[in-house]
Amino acid sequence: MSTSSRAPGRARAAPASPLLPLAVHDLSWHVGDTPLLRRIDLALEARAGCTAIMGPNGAGKSVLLRLLNGLIAPSAGSIRWNGRPPDADVRRRQAFVFQRPALLRRSVHDNLDFVLRLVPGSNRAGRAARADTLLALAGLTGRERTPARRLSGGEQQRLALVCALATEPEILFLDEPTASLDPASTQAIERIVVDSVTAGTAVVLVTHDAGQARRLADSVIFLAAGRVTEHTPGETFFTEPRSDEARDYLTGRLVTRTAESARPLSPIINEARSTCP
Amino acid sequence: MPVRHPTSAIRPSAARPPGVCPLASRPSATRPSAAAGIRGAVLAATIAFAGPSLAADETILLQSTTSTANSGLYDAILPAFTETSGITVNVVAVGTGQAIRNATNGDGDVLLVHAKDAEEAFVEEGFGVERLDVMYNDFVIVGPTNDPAGVAGTKDVTRSLDLIATSGTPFASRGDDSGTHRKERALWEAAGVDVEAASGTWYRETGSGMGATLNVAVGMGAYALTDRGTWIAFGNKRGHAILVEGADELFNQYGVILVNPERHPNVNAEAGQAFIDWVLGDEGQAAIAAYTLDGEQLFFPNAK
Amino acid sequence: MHEITEALGLAVALVLAGDADLFEIVGLSLRVSLSAVAIACAIGLPLGAALAIARFPGRGVALIVVNALMGLPPVVVGLVVYLALSNAGPLGTLGLLYTPAAMIVAQSVLITPLVTALTREVLAPLHAEYDERFRSLALPLRTVVTTLLVDARPGLATVALAAFGRAIAEVGAVIVVGGNIDHLTRVMTTAIALETSRGELALALALGIVLVTLALGVNACVAGLSRDTIRVSARA
């Protein structure tokens, strides 16, 4: 997607090749001999809106998210964003918000500026203006000089979220973004997510919070024991789940892990899933 | 009521005419050869800090011993030479063995030490041009004033060493193959004492320079052989004094040699020879004789 | 023991009198060691960052070697550099032996492994923390390295100070390659060694006190600077 590919004189044009639809085919991921994801097939359409990935512990949700973003390589199968694998170029058009925000050891402003500098063609004035907008979005106006680490948990996550949005990603991945936050911060985060979806960003959200999924998701992918049991529109998933596993999950019945999925997971996944309820 | 954020805040490029797609692939960064940059920086830094090797004044490097340097002789006589000739003499003062080794490597222009056999071998092997006598002084045996071995006052070195060995009082040796050390070993041999066997018992080999060895001797109440010059200039005498002196065997001859420019082209032969001519000539010899410490003359010129 | 009190008095007297020789020696010590730290950081910071970030075959071995080189005896380094710079050696034509430049080279060789190993130690946990995020941003390697180095400033300041401490306190390397030549290559530590060998223990101690005070001063400066940086960035 470089400027050279665009004909001169064209004004308002959509990006030459959008990242959606997403086609995942036969995707598998192993840790040693233990399979974590088994032969997953998925599809996300062009106007996917917000897609929630749900499922019990150990189902492979965080792994799936990372595979989609290209942070982990699949053991087998393929992931194609409108025909392209999740390489560095594709990744630059996406953004990932982690459960624990990995903010730089700098001020709020410098964290924003760091990401804004990654956008090519930016100048100082442009970045300053955009930073102000993003700060307002995060509700952190006036806190520019505060060291990012001194913010509260909710504030840090809001900052991480607007940092992710700073590059205007087409796809936004969120890995349990509000798992350890209070209701007020959760609401603030959700508000930004909803507005992002409205602005045209496709969001893929891993969450344990059924309420959150209900509030935000246009569709739900349910993962259990490394397999996708269903991919249903949001309206019907919560009232009429199609798979037994989803039904058990929603009604609170504990899903017993199989012997296979009970084996120790890799450090990457452990880190990502550390404080899941 | 939570505020709805306008689309333009989240996706400004979607709300305005797009110029460059905000996420166009960035130009791949061609990393400049970091290694070449670092090497250049190091070289620049070292050249910037390179000392007087780039200076306009002429300098020569004199490899000499700690006994001559520590006694203060060079501080006394070299300024006179620099004034007449305009040549600065930089002195590297190390043990005799190291000085000869350095000169063998060509890391010096003139060699001035006190180990005649080693000096003659140096010339014979072609590393030096000619060996010439420049000055002498003498060695003395120092020890604790309470003198456990009872050697004070004797002019008989062989007898003194014998007494020290029998009494078992500690003796601190340089043990570093220097001129002083070789002289010391020769004296023990003449006295018929096997110091190798005694090493680690009363015979303590420090493997160090004269000053360090004297510190050890003073610290452990041991006897030691030292050149007079170093002893007089030594600042840590405590309860030690000269106990044996004046014997013929304690004669200590210094020789000066020009490092052979044919072996090492970098040698500043002209300036080096100028120094040698001066130190062997009337002016240099007089300067040597004039140098005293605590009223005592330390070195006696004897150039031929 | 009276030498110690004598030394304290002597140290103060020398400094207050503005003793020219003392200041010459102090100046050269600082020039040599600070230059060595600059060179060691120029090489060791990127190298340490590379070791913290990159995965390559033999990385484990490289790490062991670099850590081991931290324990290089200064006199051994001095000997090796002497042999290299000697007129009988490969780099003799540079004419660097017995100059401050040779001393800078020797000290740089001595402390570069230290800077490398400790930089790696400081950056590795930081990299572990940032790695996933940086990969999701698809940052080029150059940006990753500079970001880590900038964010790890406090830790790296300590690394530089450790390297400075090691350099300014050593005598083995500089005495062999420098020759302890008066007014040319004499630094604090070689002067102390000289005065000790002259038996001038009080003077040697006095110089030692000056040296330690110097090191204290440098550390205090760095601490002051880093505190100011924190204060500036913290101002709301």
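Residue numbering begins at 1 within each chain, and the chains themselves are lettered A, B and C in the order written.
Basically, contacts are C-beta pairs under 8 Å (C-beta built on N, C-alpha and C of every residue); 3 or more make two chains touch, one makes a residue touch a chain.
This one's a predicted model, so the numbers in the text were calculated from it and none came from an experiment.
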item	value
Per-chain CA centroid nearest to the all-protein CA mean	C
Label of the chain whose CA centroid is most distant from the centroid of chain A	B
Pair joined by the larger number of C-beta contacts - A-B, A-C	A-B
CA centroid of chain B to CA centroid of chain C, Å	25
Whole-Å gap separating chain A and chain B, where each centre is the average of the chain's CA atoms	70
Between chain C and chain A, distance of the C-alpha-averaged centres to the nearest whole Å	46
Sequence positions of chain A contacting 2 or more other chains	89, 92, 118, 167
Multi-chain contact sites of chain B, meaning residues that touch two or more partners	26
Sequence positions of chain C contacting 2 or more other chains	none
Chain A residues within the chain C interface of the complex	66, 69, 71, 88-89, 91-92, 94-96, 98, 102, 104-107, 110, 114-115, 118, 142-143, 145-147, 150, 167, 173, 268
Chain A-touching residues of chain B, taken from the complex the two chains share	2-5, 7, 9-14, 17-27
Sites on chain B touched by chain C in the complex	26, 28-29, 31, 34, 38, 41-42, 45-47, 49-53, 61, 66, 70, 75, 90-94, 102, 104-107, 209-212, 214-215, 218, 233-237, 264, 266
Of chain C, residues touching chain A in the complex	129-130, 132-133, 135-139, 147, 151, 233-236
Complex interface listing, chain A residues touching chain B	1-3, 11-13, 15, 89, 92-93, 118-121, 130, 133-134, 136-137, 165, 167-170, 187-188, 191-192, 195-196, 198-201
